[in-house]
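Going by the order they are written in, the chains are A, B, C and D; count residues from 1 in each one.
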């Protein structure tokens, strides 16, 4: 894996006071390989134009690549048709749009929406606000003592009042992975649709939406080596066809008169306005990059580093690891007795070690754990055991400085 | 002018675009289809009169670029007197002819001049939806 | 101006069969100067990180540049506070969000919304659909014979039933510029809020939202030399404070509990999720570039080329120019008798001349003009009179080929 | 450890963070303020007891990083016995001291060790909201 590090220019160019960057904040966002940067630059410098309607080169080249990007995403998530792949500006955008176009039009007083206690705000607040606006009830699936989803309590919450279950594939704070296949299966037995927040999933395991049988799924490009401002929403074709458009505007209509608008077919129907074309082209390059390394390989490396970090950090007195035994993800949270997470992060930063401290946009989870925040480390292909060692040694130093 | 594009528009296409075959409304049609391209607004109404399995009469009316108009005109002309299954074969042939991903050379597919004129559309994938507009629509009733 | 062309790498690298690109589709999108490409690349390769919460470098550098970008936009549009600048993914996104968060919560049966007959679908369909969902009425301000807004008819439409006026600054099809200052003044006399679609405005004249006194204004980065997937929504602070958030998710909350969410202050309140950070940085570079050339200079050059094009194209028999006398914009539409716009565009493309043919996402205007489409040319700083001459000569050739 | 950061955290700050001044709830307060940083979740309740114009007693309670806690502790200590206008001067001084854009050197502003300890915050703009959290909030009642 180390050889891959050289494909990420930031590690070459970036030095903070002589120190190289040790980037352990990959759950927040990922660094960009040269091939992704080149794809974006190549578009702007070589064949830039708007998509969809131009009869001239470079418009045809831009349209071709835009369409190719959709096909790459389709294959990447195992969808059966390109029509099921909608470009959004990110996971958060996708959640909000599903709430507005799918949930709200059918949501009534007394209905219920299920989320879990480990959700990111982006997969929590939109559903919560929708419920509040309609007098519906947001129900929160609790975690058990091991910080996994409490599946028996979950099963008991499945009633015909529930309109949708919105659930994350992997907790961005704990690194806990949910068994989506059986969760979705259970929900479907009660005719409940399932939205999967897959923000943390694509670099952990190969996604196959048909196998998973989710109704909706979303992730962000910037968390999978891609550009900012691009994400995708997968939806089952029948649902996307029935839903009203996610947004209205140029490019998503068949015909407009003063009284009436006829919407275009999928996927255009759900994509109003000039899309983030450079974003889709960069995302396609990111997918090519991921495929060239192998999702399994990437997932395994991250999981191994987490395991190694669990072992090394366990040696530090007064350090508490959360969801220690969570498997096959690359995210690990901890706290240190008597030292605030921000102070830890600030001292780590001085060594060039980038970690995240705080609530990680998971306030409900913090409340459950009864803490204000954690220090979170999250790994990717450019990280190594040596970096974990340095992390550990620095944490020991920090402890002796503060205590 | 550019030869490549001139090849596409050459006599057959310009001729059909300027003097379309059976342009107008067919009063006693059995099938009316609307071929519409939302991207560019091109729109043609196709009128077919089936008697049993055979297309006894055809016409069309609408608005579009030279390529979409000519290809619709050729379709309307070629369908005349054909059976459903014959029409099906024709449509497949035409779509193969203009498909840029087709491995077969146009000349190996047909020697019909009217058809061959559209083969240059292979070089203009952005005009594919012009050339196949009416033909794709027709598939729905075959 | 010609010297500026060399700052746009596409004109160096891009050749179609030996021919340089003559890009006359600037109303659709603009080419990118090297400085904008470099700003985006420099971010990804040099200091990439997420914004807002990281205590480490490069997160602090990313946050600093993100904040700077907002300040640059503020100055660019003459807003009084950065709090009034909300990043969106584009103009269309901004319209949809204002419809959802500002209009819909207050819209009732019998209310009215005003738009004009020259609106782009992105500033038409969202308002239309909102009205239809609530039994409100969409009223369309007609154009007069000269294809300008019919101001006397407009004045008669101002009643206290009208909840908002959504109006474009410049018609993207005709190049007609509206006298927004007096339009807004009139609307305000009836307590009607005004949303300005400024997609075509920033390269025509210096925007000053305080002077214009609009309540909302939006434009897209990609039309002002910036990246795709980024745009801005300006809103008066009091309105943005009163409105419910444009979207919900990470980064826009103060605190979340299972029952309740407290929203953050402006501008964060309206920006949920990881923003298009690279987009904002590229947009900031685009604004620097615009300022270095001068908005007035850019606007004047475009308007002069339009004038020159009006003169040259008038010499062609059977060619009809629309809104021939429209002033100080860079957009010009025409048709040629007996030749479909797409055929014209296709032949121009073969000479390397990129123009747009069709309805330009303005179906209602097409209906008014009773045509299916036009050929539209739109100019920018890298265009020249020589290019207009070539356009003219090629149109003459096309005419003789078809007729 | 890195000297730059150690300078920031040096004895004064660590001392205040570990042994804060008047930590706890003040029962007979006249003003209670909540200083809250949504970005990191740090939160302190400030209790002030005014008698006429003078702050007779103070305390605070809450949770935050060493810097926010120490700066709150220093604030609570320094306010004791001050009049409103004196407090105002103090707050302005402190905010100037930690402002990275300030043109005045820390030493030219004050010789108070407790204050000077925070001057290193100038080098850590991302920690500014930690250092000024309680002080900015206090402004509201001055």
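Convention: a residue touches a chain if its C-beta (ideal position, glycine included) is under 8 Å from a C-beta of that chain, and two chains touch if they have at least 3 such contacts.
Here the structure is a predicted model, which is why all the values come from computation and not from measurement.
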Both-way neighbours, i.e. chains that touch subunit D and touch subunit C: A
B-C or A-B - the one linked by more C-beta pairs in contact: B-C
Inter-chain centre distance, subunit A versus subunit B - centres from mean C-alpha coordinates, in Å: 46
CA centroid of subunit B to CA centroid of subunit C, Å: 38
Inter-centroid spacing, subunit D versus subunit B (mean Cα positions, whole Å): 79
Averaged-CA centre spacing for the pair subunit C and subunit A, given as whole angstrom: 30
Set of subunit C residues in contact with two or more other chains: 53-55, 59, 253, 255, 342, 346, 357-358
Multi-partner residues of subunit B (at least 2 other chains): 39-41, 127
Footprint of subunit D on subunit C - complex, ascending: 52-55, 59-60, 63-64, 253-255, 264
Of all residues in subunit B, those that touch subunit C in their complex: 1-2, 4-6, 9, 14, 39-42, 63-67, 69, 124, 127, 130
Complex contacts: residues of subunit A adjacent to subunit C: 9-10, 13-14, 16, 21, 25, 28-29, 31-32, 34, 36-37, 40-41, 44-50, 53-59, 89-93, 95-96, 100, 120-126, 128-129, 138, 140, 220, 222, 227-230, 244, 247-253, 255-258, 261, 272-279, 342, 345-346, 348-349, 353-358, 361, 363-364, 367
Of all residues in subunit C, those that touch subunit B in their complex: 339-343, 346-347, 350-351, 357-359, 366, 372-373, 397-398, 401-402
For the subunit B and subunit A complex, residues of the former touching the latter: 36, 38-41, 125-127
